Amino acid sequence: MSKYSQERFDVLVVGGGPAGIAAAVRAAETGARVGIVDENPAPGGQIWRSSSSEGKHSAEALRWLERMKSSGVLLLCGKRVFHQPDSGILMAEGMDDVYELSYRSLILATGARERFLPFPGWTLPNVMGAGGLQAMVKSGLPVRGKRVVIAGTGPLLLAVASYLRKQGAGIPLICEQASGKKLARFVASLIRYPGKIVQSFALRKEIGGIPLATSSWPLAAHGHQELDAVTISRGGKLETIDCDYLACGFHLVPNTELPVLLGCRLRNGYVQVNDLQQTTVEQIFCVGEPTGIGGVDLALVEGQIAGLAATGKMNATREFLSKRKKFGQFARLLDETFCLRSELRSLPSPETLICRCEDVAYSRLREHTSWRAAKLHTRCGMGPCQGRICGPATQFLFKWTPDSVRPPVFPARVEDLAAQPQPISQVTGGEPQ
Amino acid sequence: MSKKTYDVVIVGAGIVGAACANLLAERGLRVVVVDRDVVGSGATAAGMGHIVVMDDSDAQFALTHYSQRLWQELRPQLPDDVEYDQAGTIWVAADEEEMDEVLRKRDYYQKRGVAVEVIDARRLREAEPNLRAGFAGGLLVPRDAVLYPPCAARFLIHRAQQRGAKLRLGVSVTQISETCVRLNDDQEIRADIVVNAAGAQAAELTPGIDIKKRKGHLVITDRYPGFLRHQLVELGYLKSAHSVSRDSVAFNVQPRRTGQILIGSSRQYGAEHKEVDQPMLASMVRRAQEYMPALGTMSAVRVWTGFRAATPDKLPLIGPCPGYKSVFLATGHEGLGITTSLGTARILVDQVTGANPEIAVEPYLPSRSAKEHAHA
Amino acid sequence: MPSEFTVRVNGTSVAVPIGSTVAVAMAIAGQPCRTSVTREPRGPLCGMGICFECRALVNGIPHSRTCQILCEPNMEVRTDE
């Protein structure tokens, strides 16, 4: 039996990455009772993921984490939100417990995940996302002396290359599908974002010497029971590279499932928000990647705006507006630079599995005209990942639009579905609703 | 553009519409099937896919028994993705009072040639070790089966298409009239016969028929092969299905061939929206855990709802629609749509073509309620 | 204070650094986490608890997302039985 707990908050923040932390801190500093619920064992999300090996947080991350500690935010780590049984209440599940979390205002900071595109051999063990491999290494996977090919698209590839190299991996090649021209334009545009310029120079130094191919993408991963080598396309030519790991991800897609479950409207696939980060649902805010993939700087600004707005400090949000605008432009720059080229639609062969949970091959999907039909008749998207991996892939391959979202928004224990919100017997801080 | 190019237009590509299309095309008629969504997307997608003989009434028994035989005959031709599995049903008796009911059912079925076996508490535990201890026993019905309905509907539609039937998806019917259906793009389809197989939406198209939506919930788990072998149904299920007004839940679980467990069931009247109803879900899950506690810690991957098409006397409407000359009904199957789809198709098509049905059709004729009103 | 301890993967003892996840323990043991519906060996893909490829039986609990579970001394991990 899951241990059942209740918590009430003035402001509940879902997601303990930079956006969520910034929101929670600003809200808590006004005196409100604030909680963060996050599924990872420690706060920081993906970008500020703590590492079991040597390796420190950035100064900025440390400052925010310290500030969070002193702000009185209640941290609920290792708990995953899966359901909204009634308005104003979210259910979150841990390994052996379940929480009923009630709130007056809700700030959704659910972040993003990598986009995976299928190609022959992509299901072999040791083919992982770029962020995926980085997360594994931060969680103790040894890569010293291992060969890692990095492929896909997005600034994450370079960040991962830098990190892996510091951990002792050898990186024969980084394959970026964007063209050299687009990348050059991106780098030149960085001049508008001084922080980013510094970052990019530092990055250039860290990955100096690692070959970077543009207009390049993986064609096939080879191996019997695990990865041996990868064939890539580079300047129209094929190259096969022996490697131990392939770290392959095609930029990021927003985690919009919980916002959609709660009724928030999307625009162009992102959660629609106004200048105060308010969604189309009363008392629900959204910050960070779900409103637009813009990285840490935008996340911190949006988080702070929402934290202040959720506690009624509208005037205080004004100081962030120009930064929000500027970093919003950076988000658009990311979108334009790293958009997917059409050649990537030809990567899967008929036998390539698209849905990994249910092992549904490309050839079976092609005969359907919608996500819904494919799901019903092949089971694609019916597995435990609930379409998070195959959904963005099929959206790109077939232009299918995803289904509506139903609870549980993540798989949860059957018994925890039976949660019935109880009347609050004791009030700790805040006022009864 | 109103050329009569079809003999029959069928509204609804769910399991019932698909079964009718298949049979009509087999009998050489020119058929078109229209659906506002994809094949097998309404109650067909939402339901459990349990092929079960029921004894609620003689008429219900006749139709489910007939139809189950037809499924068994069709079985060798069913493709793999239909996942037909003769898992059998065990009606679980909680106590001695329910065991009396088990004995009554046994007598009823045996008299009519259905293979059944009364099992005691010990055999019940052997058959299903994950049921909690303390149940009195049950009735095993070994020839009941389970399948995956959307693929069954698709199979039937494909067979119909192979015989020339046409399929129009993503288009709604806004009006049914004599020999004509009007679509939401303002086009019309003309045919000698119109079949309303629109399930829970049927009453919108032929107003006056008494079909009410009866909402249900289901939960499906991740894969736990070997956990469950038979479809297990509590005898209280019958009380739940019987009630014409109360919201209710009943223990009803199904092993899917994938090893996933399908957990049901719930019934609600008057619920129009398809969102998950938390009190109903909680109640249903708790009931399931009372019978099989180990379900509680399983990973639930999806929860969904669906609408059954329910009639006041719990029998479907199969036959000419009152008030029309050329419109037929094949709807109102409540929780037995999958089971009785093939039998429904047979007796509908027999009526359309003037052939002799294999079973008596009077209990399912839509005009029966009119007759009842006439006598009142 | 040791910098690593032992967990058991499919009956074999594996030394893992403190703070490692169970998914990493399986990788160090050279074992794929699971076998797919069509019998393919699979390992972690996303590293963040979304892809469900890293599921394994951990201390008797099936379908545990091992990339989000920290190793504990003497943990019993089993990939497909």
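As written, the chain order gives the labels A, B and C, with residue 1 at the start of each chain.
Heads up, the rule we're going with is that contacts are C-beta pairs under 8 Å (C-beta built on N, C-alpha and C of every residue); 3 or more make two chains touch, one makes a residue touch a chain.
The shown structure was predicted, so the numbers you read here are calculated from the model rather than taken from an experiment.
Taken chain by chain, the contacts link every pair, so each chain touches all the others.
When the interfaces A-C and B-C are ranked by how many C-beta pairs touch across them, A-C comes first.
Centroids of subunit A and subunit B (each the mean of its C-alpha atoms) stand 41 Å apart. Taking the mean of the C-alpha atoms as each chain's centre, subunit A and subunit C sit 23 Å apart.
Computed centre separation for the pair subunit B/subunit C is 43 angstrom, with centres defined by C-alpha atoms. Among all residues of subunit A, those that touch two or more other chains are 383-384, 411. Shown for subunit B are the residues in touch with two or more other chains, namely 222, 297, 299.
Multi-chain contact residues of subunit C, defined as those touching 2 or more other chains: 37, 63. Of all residues in subunit C, those touching subunit A in their complex are 16-21, 23-24, 27-28, 32-33, 36-38, 40-53, 55, 63, 67-70.
Every residue of subunit A that touches subunit C in the complex is listed here, in rising order: 39-41, 46, 52-53, 80, 95, 113-114, 116, 123-129, 131-136, 139-142, 225-226, 353, 356-359, 383-385, 388-389, 411. Against subunit B, in their complex, subunit C makes its touches with residues 37, 61-63. Those residues of subunit A that touch subunit B in the shared complex are 1, 85-86, 370, 372-373, 376-378, 382-384, 386, 406-408, 411-415, 417-420.
Across the complex, subunit A is touched by residues 37-41, 45, 81, 150-151, 154, 219, 221-222, 263, 276, 278-279, 281-283, 285-286, 288-289, 295-304 of subunit B.
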